[in-house]
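Chain naming follows the written order as A, B, C and D, and within any one chain the residues start at number 1.
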Amino acid sequence: MNGRKTLEPLWWGLFSAGGVVAAFLVPIHIVITGIAVPLGWLPDAQEIYRHWPVRLYLFILIALPLYHWAHRFQFALSDMGMRGIHKPLAVLCYGAALLGTVIAGWILLRL
Amino acid sequence: MMATRPDPAGLYHPAMPATWWLRKRSYFLFMLRELSSVFIAGFLVVLLLQIAQISSGEDARAAFSAMLRSPGWILFHGVALAFAVYHSVTWFYTTSIVMPLRVRGRELPRWLFTALNIGAWAGVSLVILILYLALPASA
Amino acid sequence: MSHEISEHDVIVIGAGGAGLRAAIAAAELSPKLSIAVVSKVYPMRSHTVSAEGGAAAVTREYDNLDAHARDTIFGADFLADQDAVEAFVAEAPHELIQLEHWGCPWSRDADGRISVRSFGGMSVKRTLFAADKTGFHMLHALFQTSLKYDHIVRYDECFVTSLLVEDGRARGITNVNLYTGEVMVLAANAIVLCTGGGGRVFPFTTNAAIKTGDGMALAYRAGVPLKDMEFVQYHPTGLPGTGILITEASRSEGGWLKNKDGHRYLQDYGLGPPTDTPTQRKMELGPRDILSRCHMQEYQKGHTFEGPHGHYVHLDLRHLGQELIDRKLPFVRELVRNYVGIDPVYEPIPVRPVVHYMMGGVHTDMDGKTPLEGLYAAGETACVSINGANRLGSNSLTECLVFGARAGRNAAEYASGMGTPTSNPLAALARDEQHRLDSQFFKKEGGSERIAAIRTEMQHAMEEGAGIYRDASSMGATCEKLRELRERFSRIRLEDSSEVFNTERISALELDFMLDVADTIANGALLRKESRGSHTRTDFPSRDDENFLKHTLAYRTDEGPRLDYAPVKITRWQPEERKY
Amino acid sequence: MSERTITLDVTRYRPHQEAVPTVQSYAIPFPDDWVVLDALNHIKDQVDGSLSYRWSCRMGVCGSCGMMVNGEPKLSCAVFLRDYFPRAIRVEPLSNFPVIRDLVIDMSGFLDKLKSVKPWIIREQEKPLSEGEYLQSPRELDAYQHFSQCINCMLCYAACPVFGLDSGFVGPAAIALGYRYNLDSRDHGTAERREVLGDHEGIWQCTFVGECSVVCPKHVDPAAAIQRVKVDTAKDWILSLVMPWGQR
């Protein structure tokens, strides 16, 4: 029962951090790589991804919002009637975010 | 300690249908806010895959870029953008509730806090855009 | 049918300010005691929640206990027992600090001390307050604090129907459990009545729906006399129509009463001179009985406004400004906006006198003890008496604390000296009560009278005969009407026969109690042939210390109340003319 | 005063007699200044004595008269009939609670939760009363004051879908009241309260729907309270990682 022994503060902390990153950074990236570049309004400058500071930035940009997703998604599903399987849902979602983090780290390291 | 409670046998328990969030506008908007995370995460996965192509050679990279030019993907990104913007605005507003700024002991009005954040967000976005354009030149 | 009997050491009936304070005092005496708290509503719904203005106690250097005592006795038109008043003012500061230690969010001065404000009839600023929701904050602080005592056992939403008296001792109670409709029996060595006042016997009152004088009637039926019931306080500033109170604090913060010509009429009645900022005990800060009478005289002179809900005057707060109103009187602004649809920052508030408080009640001594062994009483339901013929605003919340604590402590001490209650004889008493309830209410067939009709007629009769101005003929008519209503009451019709949360039954039981209470008010008033405090007779316009410097005691008989009298205790303040 | 007639569709439920609630309609003539509660009282007094509901203060402070009025949780003593006229008004018991009878809900669960958050001053060391009050500056008072305005009316619970889905959720009002004591400069009980507030059924269940604060008639803002407890709890959690030896 002790609040300090559950991991919820951790997940919530990561969710919040992810929410901040998503709020400040994600929209402009969607504009750039999802809309402006494909439509040819901006040059395609993928080579910058190899810069080390940029890689670190990308890691944060990609990894943290995954926890934001994991947190909200599992709660949304249980709010939509899947309360009975909340525990496995949580394991699945946070697990997916963890996996995503590892993959993102691996990809960005190997660039 | 309570000695008297209603008789459980006589209670009527209303059930909450799984579609409760369709019954009221504010609940629906809440659900949209929560689901915005799916589109944001989706976009980031696509971004990650795109980055992954860089080390798989020029052909793979070009194919991926071509794919993103298809109307379907543009549409996806459009929708994702709408959700992301919705997320940003609601996030700033909720932050004004969660972590209010105090100026001389008084909480800053929520709309002002939100407006300031939106301003900061515009600034950050502009910086990112400029860096995106400036970095390749400097490399 | 036999009843299961739950045994406790102390039973507190009522969970308002007085009841909760009593329960905590009893609980603190010993963790071994089992304290039952029985209330017809959840504790936080008790009427104490509506109190707005504040609670008086001497907490400042410029003030002293004698001054508080004198103001109280003077305000009471010398009908207060002075030894009780002295004990009251002496323990008041302690009790209010105790409440502070329990978390009550008192308003504060810049230096961190609890703020004080002026109040009607008080000679200095000595009323502590939590904005204008003092009773609300006090009640919630008490209730939340009471939750930490596991040996306080609450019987929420249980309506007490009778005291069980055996061998000249109060031994237990019967109550209807609203959730099941069953009659429960609780036994204890001591019982504390804290059931609040009974303003609902009048048609137009600040009091909540639950204020039906139940505890007074319970004691009365158990043979305990009711004291000074004829003294009913009208508050000068209620909202026409609803009767919602606009707190006296609005005047102590500087509000003005104006008649329809915009004139501050109180100066015409010896309360002047008018000043811009409030002066203690003058003008708008005069005592409530006098202010209410001034209103009526203005009405008779044709100086009041006429609205859909009768005559009214203006309470003007506009000159106080929004900042002060929002800080010190936010609830007044909220209430007026919601229920009158105007903003007191920009418009004056329509107000008129409204029944507010019952000075009288169950006869107790300074320890909260009633003449019936094992029965104690405190709060508005009791009459100690510190309020005499007219209570000063902000004394009653404090009274709930001081005498609640005293009654609770004394009851607990008495109970712990008595050993375990043996409850066998109660079974027979409980059976009788069950029979009475079944035949008169629960299983009653037929009948034709509507509860609401009898209630309304009673209320109007009370206003006619026992209002601000009284005289022998109208009071006589009221007594007569009450007898008729009592008779008709035996023919009431109940439409709801179900067991679960049957509020119609409760209304009927309340009306039954109210008819008794009304009877003692009207009869007491008829026989008090003088004018004193809130009791103003046009046929006997002056105070008569020779014949009436004494408490009225009403005893129940089958033919109606039998009245007796008891002396007033005078210690250091000899009666003098009451002038402000 | 002008009188008009409005229709009230009131939910009735008689336990042990019917399995599900039904609706009963009443046409009520009303003057301009009547609130919904006045109409119910009129029904009870003049039309149908068997209708059950709770009320007392009729001035929005005792918290007993909460009901769903046209689907929104409201204090029935604070909403005017004229604002709904000429449409009919639907009056139902507060959502998300078990119904005892007609418009009366079972709130005993809330009272258990309230007790569980320890809504009283907890101190390491009591100061004797003879030493007077604990000083508290107006600013320190401001810090918790609006969270202390809760009248326990349960409107927030009726608006909160999370509570509707999981009646074990400690919920908005109880958490706000626990937090109110955490914020009180006189209190030292934050760590003790964390056991319940910081539990899964406490703050972490809340997904910040925010409707609780929208419907609260006393502007308590329980949604803010809950999120701020989350922040505090998360901060302390991190601190306890960084400084596991630290006693907090």
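Rule of thumb we're sticking to: a residue touches a chain if its C-beta (ideal position, glycine included) is under 8 Å from a C-beta of that chain, and two chains touch if they have at least 3 such contacts.
Everything quoted here is computed from the prediction, not taken from an experiment.
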Seminar exercise, completed: Set A-B beside A-D; more C-beta pairs touch across A-B
Exercise. If you average the Cα atoms of chain A and of chain B to get two centres, how far apart are those centres in Å?
Worked result: 11
Problem set entry | Centre-to-centre distance between chain D and chain A (centres being mean Cα positions), rounded to whole Å | 36
Problem set entry | Mean-CA-position distance for chain D and chain B (Å) | 30
Seminar exercise, completed: So, in whole Å, the Cα centroid of chain B is separated from that of chain C by 56
Problem set entry | In chain C, residues with contacts to at least two other chains | 156, 179, 500
For this session: At least two other chains touched by the same residue of chain D: list those residues.
Result: 15-16, 100-101, 108, 111, 161, 165, 207, 230
Exercise. Hey, what residues on chain B touch two or more of the other chains?
Worked result: 2, 5-7, 10, 21, 34
Seminar exercise, completed: Every touching pair of chains is listed here as A-B, A-D, B-C, B-D, C-D
Problem set entry | chain B - residues contacting chain C, complex | 1-7, 10
Problem set entry | chain C residues touching chain D - in the complex, by the definition given at the top | 41-42, 44-47, 49-50, 94, 97-98, 100-103, 105-114, 133, 136-137, 140, 144-145, 147-148, 156, 179, 208-210, 241-242, 244-245, 308, 331, 334-335, 338-339, 450-452, 494-496, 498, 500-504, 507
Exercise. Which of the residues in chain A end up touching chain B in this complex?
Worked result: 19-20, 22-35, 37-39, 42-51, 54, 58, 61-62, 65-66, 68-69, 71-73, 75-76, 79-81, 100, 103-104, 107-108, 110-111
Exercise. In the complex formed with chain B, which residues of chain C make contact?
Worked result: 6, 36, 150-158, 177, 179-180, 500
Exercise. So in the complex, which bits of chain D are touching chain C?
Worked result: 1, 14-17, 31, 33, 44-46, 48-50, 52-64, 78, 100-102, 104, 107-108, 111, 114-115, 118-121, 126-127, 129, 132-138, 140-141, 144-145, 148-152, 177, 181, 184, 186-187
